[in-house]
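Two complexes, one shared chain (subunit A), two partners (subunit B, subunit C).
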Partner chain A sequence: MTHALDIQQVTRSFGRTAAVDNVSFQVPENSIVGLLGRNGAGKTTLMSMLAGQDRPDTGTVTVLGDKVFERANTLSGISYVRDNQRYPDNYMLHHVLRIAPAFKPNWSRELADELVDGFRIPAKTKITKMSRGQLSSVAIVLSLASRAPITLLDEPYLGLDVTGRALFHRVLLDDYQTHPRTIVLSTHLIEESAALLDRVVIMDKGRIVVDDETENARDGAFVASGQTDAVGRLLVNHRILETHTVGALASVTAAGTLDDTLRQSARVAGVQLARASLQELVSAYGVNESTSETKEKVRA
Partner chain B sequence: MFTDDSPIFQQLADRVAEDILNGTYPEDTGVPSTNEYASFYGISPITAAKGMNVLVEQGLLYKKRGIGMFVAPGAPAQLRSERRAAFRDQHVAPLLREAALLGIDPQELAQMINQKESS
Partner chain C sequence: MSTVVSTTKLHLNKREATFAVPLYITAMVAVISVLISLLFLRAGSVPGSAEWIESSRMNPGMIYALSGFLVYLGVQSVATTFPFALTLGSTRRSFAAGTLVWNVIMSAYLAVVFAVMLMLELATNHWFAGFYIFDIIVLGAGDLRLLIPIVFLSTLLLLTVGGVFGASWVRYGANGPVVLGVGIGIVIILALIVLIPQLPSMLASFELWWLAIAAVVAILASSLGTWTLLRSATVR
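And then the complex of A and B:
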């Protein structure tokens, strides 16, 4: 099977900072992938390169089996609305909706209408005057109604109310089933979107720390909680990712798989074990290794 | 709607199995499609398909090409015998452990069960 997206050894630096640092990964066709990580992890830089709006210093970006930068053919199959997308000053919603089909061959007017209605996007407000949530709504309309084989969604939820987020999820899933496509979604609202994601790519400081099917990724870490010294003894051979302590109690996210041996030792030691949620996993990988003083408490 | 304790596909499979066991979906009737479950629970269709396939592999559901998935004949009986086998370990043992901790003797425990039954 060909990969919808193929990134090989891509590096992109701004000044002395490598925003994306020697990154390689592939995305299988017709899957929903979460691009997760802290602010500044490199998610938007990576998406810009996937969308052909930027190009790597070194390495290759292949989309739908072809190069992407300044390739009109490839670009027509990609939908990307930046989180800070700019529109011409006098544009209102109807201007955008009239122009979009010219760039997007699969444009669905019915889907656009349904979303505009559901999000209650004002028809007579200039886009430059819209609220953050309304801007996000416009971006989602453009992204989903394009039905582009590659749909890149950068922080689609910013400022969006709870009804809008539910509508977005429902329409995304429904339309994806009738019109399968490859969707890459970056977000910080991890709990809300976790169930949508087939795969996750977690970035930290420009590098990829996890790239796997969502459930496999979650099997790669667990949370242990109990008396601090008991937790410390239990995890003496594990890589500790994140630690919370209160009084004599500790809750520790550690890398590794929950197996029967570990469960047995935990039961004896009075330590509770749980699978890490996707949110705990992403949070843990974003913690600085050097500054985690509480780690010392557990290790002591 | 799902917990973090086990993979979502497994939890979906468990729920559909529960509905087969309690007679919501009788033998040889159709169950909702993968896509319907995906939309209803807000989960990826790939995850939903994985969950349904668990039940197909266990012989609890069968596929009719182009129509959908159906409850296999004998599926409720199969589920019942599997769950009965696990009942002692999963339910009776913890009950006895807790009862012992609280000093409830077997006679008193039996009494409680009988009272619950007749109420």
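And then the complex of A and C:
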């Protein structure tokens, strides 16, 4: 399998804080990967390094088989619009649409026009005066119409209404079918995006905690619900990721697979088991260590 | 693939700010200069008299008004355009080079505009009414051979100095321009401390081309400074 992105032992620190801490993973060519995790998990820093906007303190970032930092050829094949993208003073939509083809050899004017119409992006409004949703729309136009072999989407949904999000999904999938590319999508609207994702990479505190195909990742955790003491006994040998308790009841996300033995034990104990959703998985891996007391309470 | 040309296009993409706003400012200063001349006329000055010509030619308004805009243009050409250029896929090296090319184009454009306006002013005997807008001391007192290098080098200097301040902001945030400004101030004061005993003799033998050399040195230093600061700058 050819890897479009190859990150090996990458660390990036700001002061004493390691935003990305010894991270390694690969992304297969022409796949859609979800880069998930809490705010501050290191997703944007990682994307910045993939786009050559930043470089690691240690480790290597390889994109399409080449280094990326200050490599014009590689950069022309990457599209990355930040969630807080800055534009030149007094820029309006037409400025963006006019200049993008000068940098992006695969730029599709038809696709850009379709998205501009669909999102109803105002033509006469300065970009600095646009709403959060309109800014996201401009970023999506720039990202998708570039048809770059590597497309990095950083929180593309921010502020978008439901119609806009549906349009984004439809156009992304349609265009991906006809013009396959490698897409890395960072988002907090996990359930809405889950169906798009071939793989997921979940980050927490600068480290990768899950890197797998989406279905496999979901198989790696489950949710047990029932009486707190019964759930605690059932999961005594499992790694507990997240716990919610209401009175005597508990809902616990635990690492591991659902096998027949566990299902049988759960039935006997009156505990309900369910495969974790992607959102539950991301939420569970993002739980602070401070909640371990609650976890211990369940175990006790 | 080099993105130098694309970066230059990126700067030229704001056509109004690049080509029209300097003309608006020039026109505005011209109108104000004419109004001031009319004020002197009403006060009893005689158009065409030696006193009238001397005082009209001392008006530096054209340089002052454009200077502020050109420094702003230089600052924003780096501060807000650099992050977008990286997003589009420019390298830092290409951005610095493309920005310098754009600075040169802007300087040449303004030099041509001012040269044409001076020729018009001289051909119409100062707009048929003795108004001195471009035929002024700071622009070479009606000498095209002086006006063209003065406008070209001044514009290039202001844009590149603005650029290096913008780059210091991109690299170090709000502290960057402050430290850079203070640093430049200290260097100038130290140079004066060293040179002040010789200053009278230097002024006595002063030649205009010294200013051109000083401008070229400052332009090169600013451009090099911009490139150095952007090399390690990251976008956040």
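The criterion applied here is as follows: the second predicted complex is superposed on the first by the 298 of 300 C-alpha atoms of A that agree within 3 Å, B and C clash if a C-alpha of one lies under 4 Å from a C-alpha of the other, contacts with A are read in each partner's own complex, and residues count from 1 in each chain.
One rule holds in what follows: contacts are C-beta pairs under 8 Å (C-beta built on N, C-alpha and C of every residue); 3 or more make two chains touch, one makes a residue touch a chain.
Small disclaimer: the values here were computed from a predicted structure and weren't measured.
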Subunit B versus subunit C as contact partner of A:Ala72, first or second or both or neither: second
Subunit B versus subunit C as contact partner of A:Ser277, first or second or both or neither: first
Subunit B or subunit C, by number of subunit A residues touched: C
Touched partner set for A:Asp211, first subunit B, second subunit C, both or neither: neither
Partner chain(s) touched by A:Asp161 [first = subunit B, second = subunit C, both, neither]: neither
Contacts of A:Ser31 with subunit B and subunit C, given as first, second, both or neither: first
Contacts of A:Arg170 with subunit B and subunit C, given as first, second, both or neither: first
For the subunit C and subunit A complex, residues of the former touching the latter: 1-3, 5-6, 9-10, 13-14, 17, 76, 80-81, 83-84, 86-94, 234-236
Interfacial residue positions of subunit B with respect to subunit A in the complex: 2, 4-9, 35, 38-39, 41-47
Complex contacts: residues of subunit A adjacent to subunit B: 31-32, 169-170, 173-174, 176-177, 195-198, 214-215, 218, 274-277
Residue ranges of subunit A in contact with subunit C within the complex: 48, 51-55, 70-73, 75-76, 78-82, 85-91, 95, 98-100, 102-104, 142
